């Protein structure tokens, strides 16, 4: 595969013909983002919009209310308002690539059926994230984890497979941790999240709870934060992931921000590097795996030097939400260094993440 | 003094006659809270409202816009709208007790002049907080620090004195740390704050920066958080404070909440007590010093067991903003235990704090 | 009855013993407000908390989450957290006075059963508001409409009865219109509402729809605004209401405010009085019917002279939310005069309204 | 000139070479929007960024904080962060086209100096809007008013001139009124605005006033609304504007929305057309004057049929903020027809408006 990868890395690689794709759970807020990203994708052709029974047979614009803000000259429903929704079954919605915005329970049942039917499923659900042979993929961080697909196919007999993107909050954190793990080695991470409302979907958080308030609890979020990063940053050894050995403690909060998770992070790194050394490691990180992928941002990490940045309102939409922003890198009296992160929970942490994963998988030759 | 204190601790102690008090900087948001608390105080008689030159001679209601929400049957301006403002000079505004809501620069210049004139100044400003012989007082935490006033008077020759309340964010933290320091001893504290807009006063944070946003920076706040708790929790030895030796690292943020700072805290305690032991230490803490003081809450700390509490919108006004709320006490993989705090930045952290300080000082016989 | 009324109008009248009351739909946001108002009511004794099947048998604190902000020394659940919920049936929850926070469908079915069982039902639901013999009551505006109860009892054979409070937005408007109708006569009303989130209950409006947004639609609201005021301000003639003949056109919007409906009003009055004359009519209005009732505000209408008041954040909680605020009375080039109103949708427009209605009914001798 | 216009109307017309332009008041929020629009404009070349004395000589990124949210791949400061600011004088900042984001006082003094120096000034300030010979221009509404420039030049002797865009709230209203005035004739307009925070600039509205609140007052706004539309919709007769004779009464409010003014409008039209007829007049309006101008939206008016649209959060950024959205067209019991409008106050109502005006003026041959 390495040879092939090298060839494909040449800028300008693209599939010979557009690849048909489906979206499962198209009516939800992440599903809508999938549709928007895929409606005019240079490599993919959006074929099926699949939804739950109560929406099947309706037109997309009848089955749901479009919750995404228009920018530039976008149309609501990304021009797909008239498309008729199909059931979330392989019979109705199979395609070489399938994007899943299903909730965890539905994902647990349906995603394997698509994988068995030969589809490569890119899932935003948590159902299979921690399975040993399911890649928990962020292309810039652990592109090599895609190799787990072989083990997965051996175990299951599927001709397709399942590739997960991590929890949104864990993704944003892990993108910033990746160069630190490489450069220094991570020992401990303490992270306090201030998470956006869109992370809970629609209807999601009631406005009476959100307005002028901080809610210090998000169900299961702290557990995901405590376990997913070690898999993402784990090493692929002998066809399996060896979890990275650092500790993560997360304190998760909901704040009245529409899009964009802010994370206040303190880390203990091996060798206790200075904030300047940490800044340099972050600033000079040049992940190669996404070079030439259509959804990859020019800068995976952007370092802000202004004392009061990044800010969700100002920065979160840059590069279609695919950049993770870092600011205020400074000494931490307790763990060594601290900084603030901002990322788009619903793009870098959900829809954009899965589309980028699929682009990588296609270029790396994992399409069955 | 001990004998006297014991006598005075009897419930129902009160000064023989109401003590005249002044408010410096009455037109600002903290000044307005001072006026509201003092307008019908059982021990104090609000005499002078003092303000900067441009307001002097105007009526209170002309000089400023009342920014406090009405509750119950309050009146705007606490019934003092017609009172004429005087200059912030001892000649115009001296009283046995003086409450200062001045900004730091004005406080640095003016507070000593009042102290020299025999006034006991209770200051919300940061100007003199870290002076070795100025009490940084939270009655429930370090009532004995009031004894510093003697050293202060010796050094300065003042017949009055200056007593400071700490930074609002540091106050809320220190109230929760106090029983942990007593019960276990603190080694390290990592705290991420999500601070309310009212902490910046009026006009304060522009709405374009606050709305739907998190600003990861508050000038000088992290420094205050890193130094004030050690003084507050320090031991009085030989007439001086021995700083408590623990480390605090703070990461401060502004969030779109009107009143109420939320703080996500992780602590490393000596002996690594369990979350249950920590909960018990917090729940059984019964600070005695404020018993019988008019502004003291029934519960200085309130433990919440609901998984999603405390919340600013629901809890911050309880007991006129004088309670510090604790929730979600649980294990922290990095430092041992973590929890969330909520306190009213402008009452427990500012106006209410200074009024409570004055009540303690009066009962303890520190009025010159 | 008139003689009796005069006697009872004497300040200090109260029922000989506390009257047992029930709350139907106690777990919702209006239900919680009923509980808070009734838990320590001087005339009433809160006996039953009734809820839907899924809550019956649970303790109040288990069955719902308390959504009301604490003020002063309130307790969550108003001290009734341990009370066990009963079904919404007369068998389980009958009392001389019953307060209904049921939704409209449930109210339509259940309220008549309580009325038949002899209960006097004070309903916040819309189900029976426009029935010809159901009083649509605001004590300061149309206390005499209570006489409809006699016709209602004749028609239905009930020993109890149903008394409705109007839609919240219509209530706030009608309180301000009442003195104008008396003083001048109203011809046309054009009102644009900016309504608070709590008007939709909990979960109510999703935060993704509310945050930083104005939603220009509230289902059925404009229709209620167009019809209820004419009934409220109608004259009781021959035992029936003669609708007031003016026209109301309403344009209703949801805005990101927690409590407090703001209404921008233009009115065409007979004789085209000047803004000064209108101000005088509003300022000198002294509704007598609520004199001495425990939930009546000292001022039903409060006129604000500051150019930028009233404001929801600052004014809405005054007098426990029972005052309607008027500001910016000025000439309207189109209809003659315009002004802005603010009222507490969930107190003056819901829970407080019904409790005040019950107080009036009790004092006026309508308890069966 | 007519012949020339016809030639220029051909799609694809553009100036032979890019025209140098300057921005006065570049550091404010409208100034920043001018810079963003002009930095890569197909017809214009952004030459000078001018600011007040305290910023002169500084680089753009030092002199101010960029307040615009990033979308797509924008850069902060639109790539002009390093450009050195010049004084707001013709000596330093003259260019054939000058865009003024000055405040009204500065505009009054400085704009005539630029006009005298031969610059065509496109001003967002209110200073000269109501001058008889200054066009108050919305290209789709009154392109022919540009002819006033000739009278203006005769009166003043300027070789340049001043063209104003109207107040933002009045612009949004007038765009929707224009086809109604043409189709039916307008008699009365009653409009309640719910205006965004960005309309007040930065720092603008304090967050303590904005959060969870409605402020029922915006200085001078109602006066502008009552007079500017009649000039905009006035007829050019004999080289002067004959004001349209309808009445406008405005009730203006500030709401916690970042961008996008919502306006609830009732209108009385000649002949009392049905809502359907009004909808048709709005939907079929095809203003020709902006055809081919780079900043013109494809749809100047967009009709929404969803019952709860338009909404600021979802719709305001469409077509770079240059579309005015209309929804909920329905009968009004008082004035005949009512509807809701939404427009981008800072683009359609400010920066985008002036740039579009300049494009029209250039194509129409008004550049001196």
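Note that the chains are named A, B, C and D in the order they appear, and that numbering of residues resets to 1 at the start of each chain.
We take it that contacts are C-beta pairs under 8 Å (C-beta built on N, C-alpha and C of every residue); 3 or more make two chains touch, one makes a residue touch a chain.
Since we're looking at a predicted model, the values are computed, not measured.
Chain pair with the larger contact count among C-D and B-D is C-D, by C-beta pairs in contact. When chain centres are defined as mean Cα coordinates, B lies farthest from subunit D.
Averaged C-alpha coordinates put the centre of subunit B at 40 Å from the centre of subunit C. One inter-chain figure worth recording: subunit C and subunit D are separated by 43 Å, centre to centre, where each centre is the mean of the chain's CA atoms.
Computed centre separation for the pair subunit B/subunit D is 49 angstrom, with centres defined by C-alpha atoms. Listed for subunit C are residues 67, 209, 211-212, 256-258, 313-314, each touching two or more other chains.
Here subunit C touches subunit A in the complex through residues 29, 67, 197-198, 202-212, 256-258, going by the rule given at the top. On subunit C, the positions that touch subunit D within their shared complex are 188-190, 192, 194, 209, 211-217, 226, 247-249, 251, 253, 255-258, 262, 264, 266, 268, 307-314, 327-328, 332-335, 338, 340. For subunit C in complex with subunit B, the residues that touch the partner chain are 65-74, 76, 211-212, 258, 298, 306, 313-320.
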